[in-house]
Amino acid sequence: MLIESKPILSDGTPIADLINLETREVSMRLLSDHEVYKLEMERIFSKTWLLLGHETEIPNSGDYVVRDMGEDQVIVSRDRKGEVYVLLNICPHRGMRVCMAETGNAQMHRCVYHGWAFRPDGSFIGAPIEREQMHGNIFAKEDLGLKRARVQLYGGLIFATWNIEGPSLEEFLGDSKFYFDLLFCRTDGGLEALGPPQKFIVPANWKAAAEQSASDGFHTLTLHRSLMETGQYGRATADDIYANAPAMYGVDISCRQGHSLRCIPAEVTFTMFMSMDELKKLSPDQRLEVLPPPGITKEMLPELKRHMSPEGLKLMAKAPPQVGGMFPNVLVLFIYAPRTDGKYSGALALHTYVPRGPDHVEFTNWIFAEKSATPEMKRDMMANAVRQAGTSGTIEQDDSDTWPHMSRNARGAMGRTQTMKYGALLGEKKPADWPGGGYVYDGFTKDDTQWNWWLYYRELMTAKG
Amino acid sequence: MLIESKPILSDGTPIADLINLETREVSMRLLSDHEVYKLEMERIFSKTWLLLGHETEIPNSGDYVVRDMGEDQVIVSRDRKGEVYVLLNICPHRGMRVCMAETGNAQMHRCVYHGWAFRPDGSFIGAPIEREQMHGNIFAKEDLGLKRARVQLYGGLIFATWNIEGPSLEEFLGDSKFYFDLLFCRTDGGLEALGPPQKFIVPANWKAAAEQSASDGFHTLTLHRSLMETGQYGRATADDIYANAPAMYGVDISCRQGHSLRCIPAEVTFTMFMSMDELKKLSPDQRLEVLPPPGITKEMLPELKRHMSPEGLKLMAKAPPQVGGMFPNVLVLFIYAPRTDGKYSGALALHTYVPRGPDHVEFTNWIFAEKSATPEMKRDMMANAVRQAGTSGTIEQDDSDTWPHMSRNARGAMGRTQTMKYGALLGEKKPADWPGGGYVYDGFTKDDTQWNWWLYYRELMTAKG
Amino acid sequence: MLIESKPILSDGTPIADLINLETREVSMRLLSDHEVYKLEMERIFSKTWLLLGHETEIPNSGDYVVRDMGEDQVIVSRDRKGEVYVLLNICPHRGMRVCMAETGNAQMHRCVYHGWAFRPDGSFIGAPIEREQMHGNIFAKEDLGLKRARVQLYGGLIFATWNIEGPSLEEFLGDSKFYFDLLFCRTDGGLEALGPPQKFIVPANWKAAAEQSASDGFHTLTLHRSLMETGQYGRATADDIYANAPAMYGVDISCRQGHSLRCIPAEVTFTMFMSMDELKKLSPDQRLEVLPPPGITKEMLPELKRHMSPEGLKLMAKAPPQVGGMFPNVLVLFIYAPRTDGKYSGALALHTYVPRGPDHVEFTNWIFAEKSATPEMKRDMMANAVRQAGTSGTIEQDDSDTWPHMSRNARGAMGRTQTMKYGALLGEKKPADWPGGGYVYDGFTKDDTQWNWWLYYRELMTAKG
Amino acid sequence: MTTATASLGMERSPPVDQTAGKRIPTGSALYNEVLEFFYDEAALLDQQRFDAWAALLAEDLSYTAPLRITRQGPDRLNTVVRTTLHYDDDYSSMMGRLQRLATKSAWAEDPPSRTRRFITNLRLWEGAKPQEWEAETYLFLSRSRYEQSQLQILSCARRDLLRRSGSGFKLVRREIILDQSVLGMANLAVFL
Amino acid sequence: MTTATASLGMERSPPVDQTAGKRIPTGSALYNEVLEFFYDEAALLDQQRFDAWAALLAEDLSYTAPLRITRQGPDRLNTVVRTTLHYDDDYSSMMGRLQRLATKSAWAEDPPSRTRRFITNLRLWEGAKPQEWEAETYLFLSRSRYEQSQLQILSCARRDLLRRSGSGFKLVRREIILDQSVLGMANLAVFL
Amino acid sequence: MTTATASLGMERSPPVDQTAGKRIPTGSALYNEVLEFFYDEAALLDQQRFDAWAALLAEDLSYTAPLRITRQGPDRLNTVVRTTLHYDDDYSSMMGRLQRLATKSAWAEDPPSRTRRFITNLRLWEGAKPQEWEAETYLFLSRSRYEQSQLQILSCARRDLLRRSGSGFKLVRREIILDQSVLGMANLAVFL
């Protein structure tokens, strides 16, 4: 039984009051409060679908990786039939950790404490000394397996939830699925995780990272300004970055469930190596030839076309979704990456921001390529992603030095009464012939998508048990 | 006045519900909850008898050691009359620590802050500048001594409690005292602590260690399997350890107060150097000659016989108590220890698992020999104990790497709702002519003693203030 | 809106009960309790005047330093008009830290996250891309400035409070202001901070340091005994320190608001280099010539006389205030400092004890000289202060090793029920012709001033919101 | 090793002494020169003198930091993962990093960390080519940012290839073997 | 020192320089050889190459780690306790430890800790017998297990007796002077 | 640098290699002598042999520890503050400190900390005067007090001036460049 806490904090403050629908303010207290954190673990991380990895990480029967659903560790394993299971990594006997490694291959997981053994599907095999029935006579063997989460695969990505009766992953993705399909389901082979994820701890509340993942495009101009100063993004110079505002105009999309993506006109990238005039002469197909979406090569275009509707394809040619997030804690980064040879390549990464108490978050960073990419391209895409994202990435090292300050600020007696503001709204506006659904915001990237994230957060945190 | 909290947690859960008497389940939440921990400090560590050391650590007048009762530090000192006192190491003036060292000899403890001075029995001597009466005129000098705990010695072991009116140590030990007598009170000189205890911190809740100390024999087969693989315990090979199940059959004893011991047939040890057939020909007396109990030599047998009833002696010959625990936080390890010369010797150790917050425990490890043992034997027994138990012991280094995982698992939103299970019950069964009382379990070691531990824990945690 | 908590702890204990007015006892629980700490941040550190620095640290327009009001970080800056502002260092946009440095000079503070910019007076300049109005349309620009604290300067010292409508600094200083004037307002140029403050973390509750700052003179005899043993303070030898009790007699003053000072007869210092007989022959003026107050030279005496009333001057000649504190967390140390050449000089320091959670305090140590002092004298006074106070000071290194023990002791189940005692009361007694007001205690330094500190603490902690 | 994990690129880093050439004796002239190189390099990085540091890098530089991963059983020592990396740079990308650090807005290190790189346990071998040497050093990094009173720390081994260049050396290859599976720092915006 | 505490075996470890023979100069050929021995030894342990490490141990090995204890006053420097030890091994028991580590179930170090042994401050003297030397090194151990993002750390001095053996040395005696009264690690399943 | 901050005394510590004389090669005879001096000095301090340590101090000693401060922008490397100091001693005041430590009531270090001073990264130059040398060392201090299971740690560089004195050296100047703006220890009652 999940412990249910009422959404009223012990000083009498209803959680609902911490997100002001009138003024679009969010109380900083949410970034530091321990009670709020405990509720989040129950109402969000035990209820929604969570990204745990990609099935290419566990290609063979018996393969497993150990991952996290909130603060609960789980085994993600593949059984003999090829099914993927997600199992609480807690021995039903006395609560010991069952899988001690982060990854491996085993047809039997034997707990090192007293030797209870489990199959890759979590079912209980038995305790040592069968004749003594050391699992007792109160519970049947069927009741003594590892606790199973509900699992769904999507584009090879492994999602799981403890919410057995809740919405399906499709329902959870809602209107954003159309857009995510364009990223995750575009070739015959599908995506491939190029290796295990980078992992590191940031001393910040997970929501400092997560609210940004909800398509905060605006921070790029200032926080990631150094990359524009070096000319890595657009032709702006140090002086006219704000005037040029590269990559600020585009189409942001989101939906009720808080997911979002930024469809950024490929112009931003094109103009690094051709003039606007030249560009205008190109048909969508020609554009794809000259600048395929991040992670795709000219050779893979036929595949791409097979997997996408003409509308989707046009979107990919003109303004492919490049960054965004999935509620609650996933960042999507499928970006054009400038190469040192002057060409453009791609960097595909997904992050999860795994809560580690109110003041810490574990940054988990998977790097992808299409399975059908050449080894050279995969190698290139790993390098691209590592240089820009994650541990040492020149983009994201700025982000991870920022969030801890927000978290710290939220701890003061005065600080926790301050608010984060989401008052710059663009408003829904669909471009003509826009192929997808959801909430669509055409124009300068503003606070809409992030506000939607908080609205869904509020919905879950105040839902009736 | 001790602060009394009601045994209902702030989310409305009664503590009593976390230990399910029907299904013999214990909620993992008990291993991580901060409110539970606070209650434990009040209802267990401020109420029961706690082991603090051995009187041979402070042989002379003025000798003292500083130890811990839960999170309260105490001075264990011997006054001029040879009495042992246990005193809260907190200056009644402004709360400074009085004894700064871990050990020493002093007839006066002077607080370094403002100079208030106390005798080894805790009584207040005075503050500097007598004429100014810097202790004030509100409290009489008699009221300004160091707070005294109630002390009782048993086999030289020093126990103390804050429960001044509560049960005596004998009452607290109950039916288990008969068995502990066989370990602690068997020679003229009694036991000797061979030195100060080892101390180290394990990042685990104290109960992860304590519930195991309640005679969890079964874990040895799997967690300590490496020692069987190397042939150190029994003649099993790596392949037939589970088939042989060495040391699993015996007589476990416990009692209402949660103490327990495992009386392990000496056969397990004998068969390392003689055949079953040879063994069967031996009388109890001959058995004692060939393999005296751990820590006893042939030369000491007459002493042993003087101190024990014939029934006790027979038990020591056939199945001496070797491991067990005293509620709440003592592990007893009086084991046969294989020597590198092929012979068997003994290793005698007592541990206390001192709580250091919900997530940490301080492992304190005293090593003993009989005072009348030769210096060589003492030296040998120190080496035996160090090699197997405590900091670097090849048995216990596995244990201390295990408990942190249980504690961590108990923190997750899902993990804290899981349970530890004690459903494998052997049931009370006394062998014929069994000399002792208490609950007696003859057969394969199961969950009975550990379950009794939790029942007493539950009793204390839910008792009326 | 400040979050207001009721002064009753969750186990039902009223805060008021933790300070027993009858027996003059203070519960140790106050030194460790998390709920108490949270209340203190709201009821004390968000309500009283707090010392943040000295205006000589930010002499020019645009200069700023970053400091702390409780756990809230603030920018202390000087705007173009020369006004000093104290601004919450939290961006009103998304809560990021605005000033990243500890000190600097800037006419515009631009948040590195999304680029919102602010003036040194906290007013909002705007967000990047003016045309897009990224500050939204819900709040006017005037409402989006950095949160301003109320500021008052006194002797160049910068004080601030969040209590906009509360008492003025003068009201807050009350009767103690007369005495502080003698220290902070005595020359034309006033004091000068010789550099940024030393900062280091002590693992203790802030009140362990603060209750001592309320003029605990008595601890010097024992805790700082080493300095007397080396003959640094008075002519006592190791054996007669307690008999001589150097610097114990004097006049302690305090007031309702918990501030206090110890006026220590200059005899203590004089007798290091002249006999009592010689001393008695000196007029107050001659005394000032021979031994000017700490930090003052013969050359500066005319200035001194201009700034002080004759009564004040006489006090400075006979028994200048040398140590004391300001509620809640300031220590004042304006002491005679023995020099290695046998002469006496001065060391002027102010500390703040900045709370860093219930178990840690940041020790901040500013060192001062009169602005009109010669460079050599300033250099000398820096050395004097560093050698005696703060990080490596031979006086205060003993203090900072003491407080952590008190804090630790307050955590135990038994320890938190113990009390600190303030029963040694001298009682109010004004010497004849005493020039100042407040509570005046002539004689052996006792618990009066510290008890007054706790009374004001109790008043604030139990005040109606 | 199972095929699965092999294909995922987890391996035991072969000890340098088993793959490199002849050992260069500790305390020999060459050894001391190399030791000085590493001390000077550490000082340049700790003083944020990036231009001078850049001059120590060979143009065929490979600068990488594999992941470390927790394994159990027979594979337990195969903990070095070279498929995903924490650093994956060549000369050109490294110049890009340095160029960024020279801008006015490389916030991750502005304010800069106060760092200290303790270099110990240098072991040296001949490389495969003349005038090249394989060096293993242990690096303990202490890093302090802002008002943090707890030092951020990191330990690792570095397996370097050095090449003689004039009177000094150039760093041709550095592989950083970190000791943690989950790094305890918010980023690796500092070089190791 | 009172009789009581003397009998409890607490003493001040006499500085090596007061008990050992002639000083071997820092940087001398022999010193460098010994330094290399310690670096190589650290590498073997950090790489879990226990067989190779075992080959460095003399058969009359004594390997101990006394307790440290907090004292005050005149006895304040008598902090080394040799009655109880954290390690108390000879060659044969050490072989037993290594044999255990080679099983399939030595869980305390399977998964293995990722360790780094920083060796500094080597000081060297002649031993009492020819071809034996007294060496003092400082050891800083960094240890990472599982997904721990905070390094476990431990500092100590090691007082070793080395004996010439062929072209190398054997470790005859190691006494580990730990710096903590309460160790911060859950066990000492790693060698120091 | 703005006038304001200049007047407040914040500066970039000029690298020793830019202010000192000729470099003394790492591993040279003189270098090794100096290294031994530092190892011996560390041992004396770790063993609390203060009299012997005092004998290493020159009578014109300057012993200081500037503050470090966090800056941003163009001034970001001007982080050394010499107006306020954490240590500000000369020979005579240092003798006063040692005299105090010899009393029966220097509580801040009685019970004494159990310390370990790891010395690495020694770099050496000729000083301005003959028989004087500029030395930079890195110091990692591990400090354990009472029953603390977490080591207190501190890292810094030391910029020393040594002077030949008989067969040894005297410490003439030590400037300790700490790495923290807010120190993580309750005091600096130990020497660095």
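Chains here go by letter, A, B, C, D, E and F, matching the order in which they are written, and residues are numbered from 1 within each.
Criterion: a residue touches a chain if its C-beta (ideal position, glycine included) is under 8 Å from a C-beta of that chain, and two chains touch if they have at least 3 such contacts.
None of these values were measured; they are calculated from a predicted model.
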Legend entry - Which of A-D and B-F has more C-beta pairs touching across its chains: A-D
Legend entry - Averaged-CA centre spacing for the pair chain F and chain E, given as whole angstrom: 28
Legend entry - CA centroid of chain C to CA centroid of chain F, Å: 30
Legend entry - Approximate Å spacing (C-alpha centroids) for the pair chain A, chain F: 48
Inset, instruction - Could you check chain C for residues that touch two or more other chains and list them? - result: 10, 100-102, 112, 199-201, 222-223, 362, 402
Legend entry - For chain D, residues contacting two or more additional chains: 27, 70-73, 76, 104-105, 107, 110-111, 118, 120, 140, 145-147, 149, 153, 181-184
Inset, instruction - Could you tell me which shape the graph of touching chains takes: line, ring, star, complete or other? - result: other
Inset, instruction - Provide the full list of chain pairs in touch. - result: A-B, A-C, A-D, A-E, B-C, B-E, B-F, C-D, C-F, D-E, D-F, E-F
Legend entry - Residue ranges of chain A touching chain E (in the complex, touch as defined): 100-102, 112, 199-201, 362
Inset, instruction - Spell out the part of chain C that touches chain A in their complex, as residue ranges. - result: 1-3, 5, 10, 38, 41-42, 45-46, 69-73, 88-90, 92-97, 110-115, 127-129, 132-139, 144, 147, 162
Legend entry - Complex contacts: residues of chain A adjacent to chain D: 57-60, 62-63, 100-105, 194-204, 222-223, 225-227, 229-230, 232, 238, 340, 362, 367, 382-383, 386-387, 390-392, 394, 396-398, 400-404
Legend entry - Complex contact set, residues of chain F against chain B: 105, 107, 110-111, 146-147, 149
Inset, instruction - Give every residue of chain F touching chain E within the complex, in rising order. - result: 27, 29, 31-33, 35-36, 39-40, 42-43, 46-49, 104, 110-112, 114-120, 140, 142-151, 153
